[in-house]
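Notes for the one structure printed next.
All chains are identified by letter, namely A, B and C, in their written order; residue positions are counted from 1 within each chain.
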Amino acid sequence: MNTLAHSPHAHAPVTVSRVMATVMLALTPATLFGFWLYGWPAINVWVVCMLAALLGEAFVLRIQQHPIRPVLMDGSGLLTAWLLALSLPPWAPWWIAVLGSLFAVIIAKQVFGGLGQNPFNPAMAARVMLLISFPVEMTTWLAPAPLGSANAPGFLAGLAVTFSGVHLDGMASASLLGHVKTEFTRGIELQQALTGYYAPLDALWGNRAGSLGETAALFLLAGGIYLIAKRIITWHAPVAMLAGVVIPAMLYSTINPAHYAGPLYHLLSGGLMLGAFFIITDPVTSPNTATGQFIFGLGCGLLTWIIRTWGGYPEGVAFAVMLMNAATPMIDHYVKPRIYGRNRKGVSIDPVKKES
Amino acid sequence: MKLFKLRGGIHPESWKELAAERAIRVLPVPERLFVPLHQHVGAAAQPLVRVGEHVLKGQLIAASQGFISAPIHAPTSGVISAIGDFSAAHPSGLTAPTVTIVSDGEDRWLETRVLSDPFSLSPEEIAAAVGAAGIVGLGGATFPSAVKLNLSRKNNVRTLIINGGECEPYITCDDRLMRERAAEIIEGVRLIRYAVGAVDVMVGIEENKPAALAAMTAAAAGTEVQVIPVPAMYPMGWDKQMIRALTGREVPADGRTADIGVLVHNVATAYAVRDAVRFGRPLVSRLVTVSGGAVAAPGNLEVPIGTLVETLFEYCGGFSQKPARMVLGGPMMGIALFSAAVPVVKGTSGVLALTEREIGSTQPAPCIRCSSCVRACPVGLLPLEMAAHIRSGDSGGAVSLGLKDCIACGCCSFVCPSHIPLVHYFSFAKGELMAQERGKLKQEATKKLADERIARTERIAREREEAAAKRKAARAARELAAKAGQTTTEAA
Amino acid sequence: MITALMSLTILGTALGLILGVAARVFRVEGNALAAQLTEILPGSQCGQCGFPGCAGAAQALAEGLAPVTLCPPGGRAVVIALAAKLGVDADVSGVQDAIPMVAEVREELCIGCTRCFKVCPTDAIMGAAQQIHSVFREACTACGKCEEVCPTESVKLQPVPVSLHGWYWNKPLIHLSA
């Protein structure tokens, strides 16, 4: 009792590591589903991502001569690696996972000063880096082969897929977004391209080709709602992002259904659900205020739809998030809460005027 | 009645169950009382007694100084044993001028005038009586009540709000007061209404005090006083929050509540007003909640001002375990005490002995910009940004973000998952800015002194020169005259 | 190639001329700046900066001969104000506000020689010949002149005693792990 202790002398039972743990818990259903859907190689990719992040972060902390334990214990590095793993192709080779994880925790996070200092979402920065550098590996999708099914690789075969690049024939597939984009370039119209490729019900469950943990729309939605209920995130950014995709999709598909896909197609494909509930709600790289988060989410959604519709890449979530990350300081600069007894400009309110 | 929407705020664990069901007990007058001269906002009171003098309970021992100040009265009868420095109820643990009274054990009141109908007084007389009784805002703000009454009357305040929003965890003294002495409070409320000429009177009480609500509603029946339940949240007892909940209006940031025609007083203040006006009894005691996980038998005590905190703990059975921290006031805004040998003052609503688990503090971690603090802030500030500015030595930047509007309620620090001491940063910056302001004033004053001195030395030098020149001229004239005289003589 | 060279040369010459003319036409009297800087400085003429009084220091600042951190009694506030006025970046982090000091007379040593109050630039010392002097704290700028002239080392600068009035919270000491 010999140091001055400032009030308050009470604290909510919350810590950074508990926040991170709650987010991981919310991710678990979708992750387990991904493991089941894509089998042992997916599990390997996830494990490799997590290990690489831990070791990589420990290494840079050591050369910076910072204490290692408290930083690793806060769970932020692990969460980053987890999110990255979910956005990778499930049968990606091990070095993609290692490279991505190291880039995320070292270049995108520690170089900027560690937790809370990074301007860009580390997982998305790593994903974009990988996508640009290794387009082939990053867009090789596999048709789902659930654990225990006939053509699913066993544990050893899974290791072979991840670590020695063995590919099983007849498994290659294209993601929905990629397929549609390719078909467009061949002059094939949307309805035709979707035939046999797109079943909304399957997409809802995530039973389609895609990234490890991005496909299970329902599970991701459940995780997001859990986080909102736990007050870890608020509804503003996710709802705005979904709206940012759904509204233009609805508009354009009504005008020209032959060329523009409808809202359901957009909602249930790519990384939208993961992005809306788990990526853009990253507190570090998103705005401070509810209004700011809404604008941020709307921007992410719109950019995603624009990139998907007119851009060169089939999927736009990662790019959209990074672009909006860059806009976050500007949003925070312009969107500030109104202070009690002042108007939006910060001038003391007029006592006589407001008579409500 | 429709309530208006509030912003921010938190719902901390209330811990009120520790003391809420314990009826008020009167603490026996301790042997010695240590009565500080500065227990209110404004100038310290000036002592009127001497060491060795015998005083009666309620006797004026220090007079109010200036417009914003309050007098101090003897909390019991006895002999003044010292007037000097004593540990103050202050976070620094420094000392402050204090009058020490050794009780004579009789607790004998000064003869006071008792009115059978206090409403026979004029509004001005009521305000004067309140001022003479040394009543200050007992909710913790300790602003002299009479000053508020006079200001409100002059500003034609229409709405009187009585604040029963005891939102600090643990603290239950106002709750008990409302349950046990509702009729007296209502009489005090009506006196205040009469003194300022208000039309509407609303008593806002948090929903988590159903017994107090029931008692007050019953006591207010048939009067012009409306008792209104308000949501239980922290900081509901912030006067501006209460105003927003009940009237939907905001007090201008650069103004006072009177600017929007509202006067706010605490329930305990209303009770003290009734005592002062009807019985002529000054404020010499108050209700204090003694609570916390380390206190053996928490309770609510009526305590003479100047009683040491340690006496309260002893009366409540001492400690059941070694407290990790002793707090004067509530846990959200109270001050940590170095030692329990500090006196209870007019603004003390509670004394707490907390365990490590209740405090729940851990090492601070980096800010993850989660903006929990932004959501929790009832004022609408950006605590994380303000703290970042202050941390890098830019208190001015924090001011432009609204540092001066911060009420130090502690919501931001409470919810921060990184356990960053945000309010501590704000207190530091406010203190630093105040010190700079003082320094600037002093610099201006000394600059003036220096200029005056330069002017003076120049003037003296000039005068000296002029005097020398004059002397020289005079001498020359004399010499000339002498010479002339000579010539004349010669000529003659 | 030639055209490019020529146009750049002409452009350079023309702009240079404009700048030169502007510098003469819109010339600001140096004294105006110095006067404004004098306003910012403490004005106790203590001479701790090494210039003759605050006006001298202001002149040196205006001419760029002295750094904005020249004034010890001014502390950070003055550094910030000077830097803002001169439009330069100042590293305030290095400037520590000196512990506030005040002159104090040790009465048992004072011989009442009156030297100290003769040199005090702010008339902060009261006294008369053969009488013990005392310091009027509110007016003392802790310039230290009295300390220098005191023959018996009776006047000394002491840290201002901490009181409830001037106390404020320290800056939180945090060792963040990252």
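Definition applied: a contact is a pair of C-beta atoms (placed from the backbone, for glycine too) under 8 Å apart; a residue touches a chain by one contact, two chains touch by 3 or more.
Keep in mind that what you see is a predicted model, and the values were worked out from it rather than measured.
*Asks:* Give the chain pair, either A-C or B-C, that is connected by more C-beta contacts.
*Replies:* Looking at B-C and A-C side by side, B-C shows more C-beta contacts.
*Asks:* By C-alpha centroid distance to the whole-protein centroid, which chain wins?
*Replies:* Centre-most chain by C-alpha means: B.
*Asks:* So how far apart, in whole Å, are chain A and chain B when each is placed at the average of its C-alpha atoms?
*Replies:* Distance between chain centres: 51 Å.
*Asks:* Using CA atom averages as chain centres, what separation in Å is found between chain B and chain C?
*Replies:* Distance between chain centres: 37 Å.
*Asks:* Approximately how many whole Å separate the CA-defined centres of chain A and chain C?
*Replies:* 55
*Asks:* Which chain C residues touch at least two other chains?
*Replies:* Within chain C, residues 169-170, 172, 177-178 contact more than one other chain.
*Asks:* Where in chain B do residues touch at least two different other chains?
*Replies:* Within chain B, residues 91-92, 363, 365-366, 421, 424, 427 contact more than one other chain.
*Asks:* For chain A, what residues touch not just one other chain but two or more?
*Replies:* 4, 6, 70, 114-117, in rising order.
*Asks:* Please give the residue numbers of chain B that touch chain C in the complex, ascending.
*Replies:* 88, 90-92, 94-96, 363-366, 390, 393, 396, 420-421, 424-425, 427-428, 430-432, 434-436, 438-440, 442-443, 445-447, 449-454
*Asks:* Taking the complex as given, what residues does chain C use to touch chain A?
*Replies:* Residues of chain C touching chain A: 169-170, 172, 177-178.
*Asks:* Going by the contact rule at the top, pick out the chain B residues touching chain A in the complex.
*Replies:* Per the touch definition, chain B meets chain A at residues 7, 10, 12-13, 91-93, 169, 240, 244, 248-255, 259-260, 324-327, 331-336, 338, 352, 354, 358-363, 365-371, 374-375, 377-382, 384-385, 401-402, 405, 408, 410, 413-415, 417-419, 421, 423-424, 427.
*Asks:* Provide the residue numbers of chain A that touch chain C in the complex, in ascending order.
*Replies:* Against chain C, chain A makes touches at 4, 6, 66-67, 70-71, 113-117.
*Asks:* For chain A, which residues count as touching chain B in their complex?
*Replies:* 1-2, 4-16, 18-19, 70, 74, 76, 114-117, 234, 283-284, 286-290, 332, 336-342, 346, 348-351, 354, 356
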